[in-house]
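Report on one structure; see the data block that follows.
Read from first to last, the chains carry the letters A, B, C and D; within each, the first residue is number 1.
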Amino acid sequence: MVCAIQIYEKPRLNNPVLIEGLPGIGFVANIAALHLIHELSAKLFAEIRSSSFQDLAVTTETGGTRSPTNELYYYKSRDGCRDLIIWHGNTQALTTFGQYELCGRVLEIAEDLGCRFIMTLGGFKKEEITETPKIYCAASDLETLKEALNLGAKIMVGQIFGVAGIMVGLSKLRGIKSFSLLVETFGAYPDANATRHALTTLNKFLKVNIDLSKLDSAAEQTRKTLESFGVIKNVIQEKKKEEQKFRWFI
Amino acid sequence: MVCAIQIYEKPRLNNPVLIEGLPGIGFVANIAALHLIHELSAKLFAEIRSSSFQDLAVTTETGGTRSPTNELYYYKSRDGCRDLIIWHGNTQALTTFGQYELCGRVLEIAEDLGCRFIMTLGGFKKEEITETPKIYCAASDLETLKEALNLGAKIMVGQIFGVAGIMVGLSKLRGIKSFSLLVETFGAYPDANATRHALTTLNKFLKVNIDLSKLDSAAEQTRKTLESFGVIKNVIQEKKKEEQKFRWFI
Amino acid sequence: MVCAIQIYEKPRLNNPVLIEGLPGIGFVANIAALHLIHELSAKLFAEIRSSSFQDLAVTTETGGTRSPTNELYYYKSRDGCRDLIIWHGNTQALTTFGQYELCGRVLEIAEDLGCRFIMTLGGFKKEEITETPKIYCAASDLETLKEALNLGAKIMVGQIFGVAGIMVGLSKLRGIKSFSLLVETFGAYPDANATRHALTTLNKFLKVNIDLSKLDSAAEQTRKTLESFGVIKNVIQEKKKEEQKFRWFI
Amino acid sequence: MVCAIQIYEKPRLNNPVLIEGLPGIGFVANIAALHLIHELSAKLFAEIRSSSFQDLAVTTETGGTRSPTNELYYYKSRDGCRDLIIWHGNTQALTTFGQYELCGRVLEIAEDLGCRFIMTLGGFKKEEITETPKIYCAASDLETLKEALNLGAKIMVGQIFGVAGIMVGLSKLRGIKSFSLLVETFGAYPDANATRHALTTLNKFLKVNIDLSKLDSAAEQTRKTLESFGVIKNVIQEKKKEEQKFRWFI
């Protein structure tokens, strides 16, 4: 299987933007995606399980169960904003191999729905941050980058890890444009404040008019979900292990 | 291959329940499944080898050999109980990837035989347990949960690891209901007492009337098999390594 | 690819026995297979590369190169002995997954050529061995076992690791008989003496009349090949790491 | 996916030589390939992403992004030199499995374009090197070897790791000839001097007339790219981990 995918509906979308919102540094993308789903009443159309997710289920307080999953939602524009595909989940894949396979499959689905533009949000880990955290960006091409710079973002210098980084590379291979927005954050806990700044910029960029008053509740729900899977407590320890290995030498 | 599957017979079953019975905490599921197979004279219809099982064979006292394997048995109801598919084996897969692949294949076979309901048994590891161990449950939906609560089980709070946890998640994706029954146990050795309480509850739930007088012999056979593969002595040491890794950061 | 296989010829064989001869404890199987190939002038008909072999090549003294490989040879009987498929190589696969995939592919090829019987040779590691090392056996069925016991072998008690162990399990799934012959050895170096006893027993069992006078030269060639790949010096160190992991708990 | 491949053009080539130029010891192959691409104005015709590459993207100084990638270029001969396929990239695969899969795919593409000859360049790590570093060679056959020896190369004795080693083995399986040229180098940094000597020999061998005056700039560009992916700083540490594991014992 590698990825088991259930597609519940194949929506007709008009040039949709794919917004990646999996857990990562500061959980900025994860909170933002959840908030967008709530505010836009986005509709679930696909679910993904991967052989590279955790092999467990967690129980909810009411005796139900929750599994490591990724979900795709769509939003059909009603107010001049572009159609959206929102990629939310409670986990990324646990191995490099699994990450690429997951991204490859989501990209296939998105491209099949006409998507030619991908946005990834994220946190940019800093030891110190100001009250109004700085926003950084990277883009697949100069034109897109210019739009981002016009919104007040600075050019990001460094490495973008995980799904956000892979999506940039895989989408470029298919000629799909992409754009990363990264907000300063301490990184280890779900950061509602950083997410607020990310969404404010996204609001301007996509011309979607998202109300941010209930953002704290999305952050709190994100924290609870990730704690139940043991993700949050592990985040800091595991970060040190985050070193790539190079095992090839002629 | 990943999974090499030999299907010896394709039974016609009527809305069967799949009972997962692989080795796990307290070996509750493993003993219970073996006992059910004996008592119901359930019939072997499929065998599975996985590339993620151990790469060895063990010899029996008589010069025969035994390999890491999973087996599927069926039981056609004669007395008002539901038809059963019993999933027994002497191992789970050794990697997360292998676990998902294994579950995916068994689920395919079961669904193909008309299965829409899965039961997983298990042990719930505790430092102290009472003589009559407590029973916990988790379910895919509130209706099923209610039935379980009526049998005297409490709502389980926590994580369900391994095949039992994965099956809950993969089955939900296909709209298959599932139900986990977990009994308090110390966890490290095959626990006949805990299994007795699990089977008593299962008896009530499935309205199958299993005699439990020979349960100790199933526990003893389970212990011997798992020792020959080196599973039991390793259980305690390996438990500490049982921590999921999170290696993705935006 | 997982396994890249080049089949140079598809021989017509009459009920052939597959003899597994990859490197293992005491390199008994490896030396024996090489010696059989030389003495019987067995013919190479297939070569296998696996994604789970080492990622290197070694140079020979003359500027040529040698790669991690498995080879299949056949021998068409001329003197009442059975036809043989001899599986020789300078490596097993480096991962459990790779081992199963390799065995699965070789089994497919062998079965396709009419093979219904598999022999695995091997060393049985002991701290002390007598000048005439003891021979142990394990078999898929009692009838085959009886034949082996009649040759003077004792019943083996324990675990058979690696390709030899997997082949027993995968072949049983297809109803193919198998038979393991294991000779006492210290295990860490290519053991010509142990191999001599293994081949003497094999001679009786298969009624093949192999001359053993040049066996030392096969042992020496085996040692040189394995040293060039760094296999032999690593054998002892790695043995301690040879512990299976159990990471599933309900 | 394992490998996601985008083929932009399928060039008509006449008996082309594939030149492998991925990062390795001394980055000799990597610098050489980049220099050849520049000097010959070789044309990009295929790009490869692998599930075994790093899961990240790096940003460029201008806000663009760069991903772990392999690229294939072609050069149609204008001056009696042979047609070339140049395999350049900023990474090899991170796992043995990934290395083999990558090589298998590139070999398929190259063979499909008529390639029957492969050249791998590389560094040969030494503690001390002379100002004019020695050149070593290994070849698939004696005839090719003889040509190399005539160019002043010595016979290499040892192991060729990574993609260069695998290509030798996989190509031999398809009857494709290959030839490795290895230059003495300290190994840990991009070595322009060693590369100069490699290219001088390659110039003679392929009768291609490459100007070497801008080689330092290719070395500098290679260093910058690899540093941005964190490859260079990791090289020395990781080298110690470069030991193959042998986990099979009968």
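Odds and ends about this structure:
As a convention for this text, contacts are C-beta pairs under 8 Å (C-beta built on N, C-alpha and C of every residue); 3 or more make two chains touch, one makes a residue touch a chain.
Nothing here was measured: the structure is a model prediction, and the numbers come from that model.
The angle needed to superpose subunit C on subunit D by their Cα atoms is 90 degrees, rounded to the nearest 5. Farthest chain from subunit C, judged by C-alpha centroids: A.
Taking shared numbers over all numbers used, the subunit B to subunit C interface scores under half, which places it in the different class. Taking each chain's centre as the mean of its C-alpha atoms, subunit B lies 35 Å from subunit C.
In whole angstrom, the spacing between the mean C-alpha positions of subunit B and subunit D is 50.
Residue positions of subunit D touching 2 or more other chains, listed in rising order: 55, 96, 99, 160-165, 248.
Contact residues of subunit C toward subunit B in the complex are 96-97, 99-101, 104, 137-142, 145, 148-149, 155-166, 168-170, 172-174, 178, 180, 243-250.
Every residue of subunit A that touches subunit B in the complex is listed here, in rising order: 1, 4, 6, 22-25, 28-29, 47, 49-59, 61-65, 67-69, 92-96, 98-99, 120-123, 125, 160-165, 182, 187, 228-231, 234-235, 238-239, 241-242.
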